[in-house]
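This report refers to the structure that appears directly beneath it.
Every chain is named by a letter (A, B, C, D, E and F) in the order it is written, and numbering of its residues begins at 1.
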Amino acid sequence: MGAQISAGDTAWILVCCSLVLLMTPALAFFYGGMVRRKNVLSTLTLSYVFMSLIGVQWVLYGYSLSFGPDISGLIGGLDFLGFQGVGAQPNIAYAKTIPHELFASFQMMFAVITPALITGAFVERVKFKSFLLFSLLWATLVYDPLCHWVWGQGGWLKEMGVLDFAGGTVVHIAAGFSALAFAMVIGPRKGHGKVPMEPNNIPLTVLGTGLLWVGWFGFNAGSALGANGVAVNALVTTNTSAATAGLVWMLLSWLDGRPSTLGIATGMVVGLAAVTPACGFVTPLAAMVIGAVSAPLAYYAMRFRERRKLDESLDVWACHGMGSTWGTIATGLFATVAVNADGANGLFFGNPAQLGIQIVAVMVTIVFSFGMTYVLAKALHVSIGLRVSPIEEDVGLDISSHGERSY
Amino acid sequence: MLKKIEAIIREDKVNDVIDALKEIGIVGMNTFEVRGHGRQGGVQLVGRAGTYQVNMLPKIQINIVLNTRNLDAALEAILQSAYTGETGDGIIFVTPVEDVIRVRTRERGPGAMMYPGDIDERRNK
Amino acid sequence: MGAQISAGDTAWILVCCSLVLLMTPALAFFYGGMVRRKNVLSTLTLSYVFMSLIGVQWVLYGYSLSFGPDISGLIGGLDFLGFQGVGAQPNIAYAKTIPHELFASFQMMFAVITPALITGAFVERVKFKSFLLFSLLWATLVYDPLCHWVWGQGGWLKEMGVLDFAGGTVVHIAAGFSALAFAMVIGPRKGHGKVPMEPNNIPLTVLGTGLLWVGWFGFNAGSALGANGVAVNALVTTNTSAATAGLVWMLLSWLDGRPSTLGIATGMVVGLAAVTPACGFVTPLAAMVIGAVSAPLAYYAMRFRERRKLDESLDVWACHGMGSTWGTIATGLFATVAVNADGANGLFFGNPAQLGIQIVAVMVTIVFSFGMTYVLAKALHVSIGLRVSPIEEDVGLDISSHGERSY
Amino acid sequence: MGAQISAGDTAWILVCCSLVLLMTPALAFFYGGMVRRKNVLSTLTLSYVFMSLIGVQWVLYGYSLSFGPDISGLIGGLDFLGFQGVGAQPNIAYAKTIPHELFASFQMMFAVITPALITGAFVERVKFKSFLLFSLLWATLVYDPLCHWVWGQGGWLKEMGVLDFAGGTVVHIAAGFSALAFAMVIGPRKGHGKVPMEPNNIPLTVLGTGLLWVGWFGFNAGSALGANGVAVNALVTTNTSAATAGLVWMLLSWLDGRPSTLGIATGMVVGLAAVTPACGFVTPLAAMVIGAVSAPLAYYAMRFRERRKLDESLDVWACHGMGSTWGTIATGLFATVAVNADGANGLFFGNPAQLGIQIVAVMVTIVFSFGMTYVLAKALHVSIGLRVSPIEEDVGLDISSHGERSY
Amino acid sequence: MLKKIEAIIREDKVNDVIDALKEIGIVGMNTFEVRGHGRQGGVQLVGRAGTYQVNMLPKIQINIVLNTRNLDAALEAILQSAYTGETGDGIIFVTPVEDVIRVRTRERGPGAMMYPGDIDERRNK
Amino acid sequence: MLKKIEAIIREDKVNDVIDALKEIGIVGMNTFEVRGHGRQGGVQLVGRAGTYQVNMLPKIQINIVLNTRNLDAALEAILQSAYTGETGDGIIFVTPVEDVIRVRTRERGPGAMMYPGDIDERRNK
């Protein structure tokens, strides 16, 4: 029938913009609690700055590259530069019942938080200027194309039929494997593996977790782009996966010592990341399985990473990368059109082909994001340098990069 | 003659020790947090995935300046109230103090060390 | 006419799920600021864990026990196990204009926060394992039945005509009197009444208060189950009662010393708890009276509790139990069909019978929740023990139960 | 056609009430992080208390004075005392598609936060009792009339045709210039300009910034009073201005030293304040200009203020006053009916008259708010005194005014 | 000959005391927070409902190591700048120091105790 | 004979110093944060608009009580591990200690100062 604005759908997605925006501060605090006291402000800034940086980039050209008219399935055209032509009428290709500008704005919040996720890899040692440069390049050369492939009208992975409801590939796998690549280039923090690096303020991390969970409802249920049954199902599956993963992680850390607060919080976030691609396609009970499996997967990925002495400091790869790799594949197992008529069935509902598509999409995302990030980081490393000096690292980035002290 | 007691004790014993000192009439004192290491090996903490070892443990240091004649009573009170029998109970140092001045009254020397209801006042009663 | 989904109503209740979810982290911080530094993480975890525990329990069987097809007015049947049959269509018995799954999900958030409220009674000394067991039993044997009685189709208190808009009985009275019972069983913290137990971080409590207030709009106005005039009225009465109670508490603490920040925050929460059962049935001016009376009631209940040397540590009984006892009774005084045609008139609007019904509901809730909790707690106390050892209590639960330090 | 409630619009404005309410706690933490540790609770309380004080005042008579039937363009009549007649039906003069009570409630949140903004001027030294008295007088004699002039049906500035979408004059200019006046009367903190007054906890300020940004979506996009294209545009322009100003401030502080976290946070808030009057009338690219100009304006206003040795402690004047002065004037430049048919064109769209109107409105607001505040503050200063004693100031207001310690 | 001054003063007097010391050319010093108890009775705080008593009050301890010849001047500066006349003004201890070494320069003994523009340099001018 | 070392060093050197001490078998110690001022001029911080100067800088004080025979070894270890060559490296004081008592064992005097695997035990091997 075409484009007819629904005030209800518009209301919900306006709210989701607010909820997803909230996730960036939430992430900042989630991360900020885990670093050492001398790097708290620096860590907060690494996330917050994206609200500014991508807030400008997206309006200027990011949205256009991602969602502009398709160019050979690879990238969007420049028609939407400066949000031109992105107005109060719906863009039928993307969302029939809300203003085009609202779709663009909701997508902006995703573009903001994704690179912020990566910062967990290089906190406590990155040079601020190089970080800014890397971030802008990453947003332009990694995020925007990938976003177009998976969600843009005509994008090649979308055409292939990949199911990624709210960003398992575009957001979490991309961030996780980029984090891995960056950590390999920048190298470990001074003293990593020798001195214990105790989190300076776990309550901040716990606060961040709570706000992340709330914001994730906007992220996942908002991806239905309307206030409807699919949104409701996404909200419930999101909650269920997070709940389950938190519980399982608690048990895992209990077995290895004691039921740790940080562990429960981490499990919750892993469950949220894992269910992200699946949330609009699977039932609550399937989400319980997705959450339950994601916890040990990320848990042991973390230990593996530690044994390899790799300082991917706040475990973006283990939590988001591995969590969502599993979630995207699990979508190929558990998806059912009973939940979402616009989706597809997965292996367990008689459609093994979907699983294949999912695996291809995962692999493409991994190779592309890891490879591009490795090259970008390496180029910056050998040119202007990625790290602060050892003395600045000792003093802490709060003072040395920002001239401030936290508390 | 004045001495300073520097007692480094368990965090969770600090109320007991202060009470024990007040009990016998030791009034003037102050405390602050330190992180220490001694015979006690450290403690294992739980991280996101697995555990790790922390070697400097939080302790409370209590400083008490007093007349030498009250030293033994104070030491005994601390030794009893800070004791658990586990490693990490802590250690007490005694150091010399040459002079003392009270800001408000400018009283100087041992005479400045009198507090209402303290151990000396009680003894004189 | 029956079931017709409204996108506007759906949008609002989706938001309310997010707002009510936020209340559990908010409560965690409200409580976490008031304990001693060595128990901050433990206190936070006691609340957060319910997002996991009940998040799973509710989907598996909690919702079904509470809202499944009625069995003799006492409990719900098992038809909704695993959210089976809880889908995108409305359940006309509960909410005509939103998906059934959304109603179930909104109710989940209530089931999550209610047992979290109780934790204020036993912070700083409870054994984590026993706490988990108690919580699961309490949710199953106390919350789910009570919820069915008051809100479930066919529940006997509902049939009797009790007015409880957003959970005065089910949530606040139940939590408050359960807290009382639990505190009597577990006994006071070491040093209670002798050593001053100064709150370690009042700003955390203040933060929690702010977030609770915001979340409470979802809790109370969301209980209209639609974006309509009743919801709006509930939002305004909620705000008015909280505002008034905060102001009155400020004056009370001023009279007794100085206008304390913690006092203002406490007053606000008391006003919120008090108006919860009434919010959808009374006018803003009536809400002002409800708030104004709730403050001294809880204030002096707190002092009474202290004089009795009972260590119901964070005063769940005084704030939530007594606050909402008053609020539920006040609903029988101030309710008017002018505000809500689906409600009833109270005593002041010529219907004394309603007051009687309210009082019966209050008494049933008190007896049931206090009694059940006492028995459950006692049984755990004599079997596996409710308390940590005195040494663990001295060391603090952060280290001894969770192996972590806060800040 | 007249009044027809839209569930979608109602849902959105219900949410906006929650979002704007959140801004008061957010502001409390934004401010609380910047004072010294001995005044944290006091600073938090100065903001929080308005949720109580105005929460009661507005219902009793504030709304009526502001939005009651017009009396000679100057003030509203008393018809809405106690929210009488403010019910579930729309008030067509103000908002056609939502309940009148919802409009009143949304406006309440503005009335709550505006005087809270002013507190930044006199933290760390104000006498609590005098502050309460001042606040009530200010709300009644400054805010309510001004609100009527600009937004009330029949208000003289409204009749004149001023464009102020979400409160550039009523909220930010009024608060900013009142802050200036108050600071001049109360005098500087002891040691101001001699002892460095380092912020005690910048992460709190950063947290406040994040929550303010989220809440501001409700503030600005909610001012469309519906879930429609104008709301969406307001959300996007709000985000864009904040993003840009944050970035520019970062660069400014980098030039003068290092890219400071506090600076980025401050820039974001300035960008938010600046775009507030304009957000519903201008394009995203215009918002980028508005944000970009607001940052240096406030930055150098701050330095000017410092050089004058004026202790307007947290720079309400520089950030909100100057930011929104620019924003209100910029509305007269960039406004276009292409964005909002109910608005008007500005200078750059061929309507220089609008710029004149904007300038008049700015000047009226400045003169009225500065003058009234100066008189009120002076009267209190010479009668009951505005400041605590020097000893209380030394000890800190947490202990001396509230009998509490923060952390 | 070296001495250490340990002055325990009111939190809110610390800036005044530091200024007074700098005024007379005492440069090297450090401060930390302690919680103390002396003649001062404690303070009443306000809880959720009613008040309660806290006995250990926050104070700042200033440690200054200096040559004995500068001791009296420093003591006098502290006594004046820390004074309010209310209980809780604090107390000053003087203790012996046997040796001092500056890390950066390995200067040792009283000679290590020189600072640009300090009391000794001024005296020599 | 007992001495106390009070070493005031850079915050970011504390792990290095502790490691260096453990290396040579100095086991018992504790640390706490101080804010200090010496030859180092202070640091410039960035505010909302422009910079300002802070004069009291955070440092870590390490206290170590030990037998006089181990003093020089300990001093040397600290001097080496705390060194950067920039102002602000810090300063070490040596003060007398008259007595020591271990709470758990009531050992008294220098004999209380033995730790498993410490410098004395190593020497005896």
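We adopt the following convention: a residue touches a chain if its C-beta (ideal position, glycine included) is under 8 Å from a C-beta of that chain, and two chains touch if they have at least 3 such contacts.
Please read all numbers here as calculations on a predicted model, not as lab measurements.
Contact with both chain B and chain F is made by A, E. A rotation of 120 degrees, rounded to a multiple of 5, brings the CA atoms of chain A into register with those of chain D. Between E-F and D-E, more contacting C-beta pairs join the chains of E-F. The geometric centre of chain A is 52 Å away from that of chain E, both derived from CA atoms.
For the pair chain A and chain C, the distance between C-alpha centroids works out to 34 Å.
Centre-to-centre, using mean CA coordinates, chain B is 20 Å away from chain E.
For chain F, residues touching at least two other chains, in rising order: 32, 44-46, 51, 84, 95-96.
In chain D, the positions touching at least two other chains are 6-9, 11-12, 15, 198, 257-258, 260, 262, 402-405.
Each chain pair that touches appears in this list: A-B, A-C, A-D, A-F, B-C, B-E, B-F, C-D, C-E, D-E, D-F, E-F.
Of all residues in chain F, those touching chain A in their complex are 10-13, 15, 43-46, 51, 84. In the complex of the two chains, the chain A residues touching chain B come out as 196, 198, 252-253, 256-258, 260, 262-263, 266, 299-300, 302-303, 306, 315.
Chain B meets chain A in the complex at residues 44-54. Those residues of chain C whose C-beta lies close enough to touch chain D in the complex are 6-9, 11-12, 15, 19, 97, 198, 200-203, 206-207, 209-211, 213-214, 217-218, 221, 226-233, 235-236, 239-240, 242-244, 246-247, 250, 257-262, 264-265, 267-268, 283-285, 288. By the touch criterion stated above, chain F contacts chain B in their complex at residues 2, 4, 18, 27-32, 63, 65, 95-104, 106, 112, 115-116.
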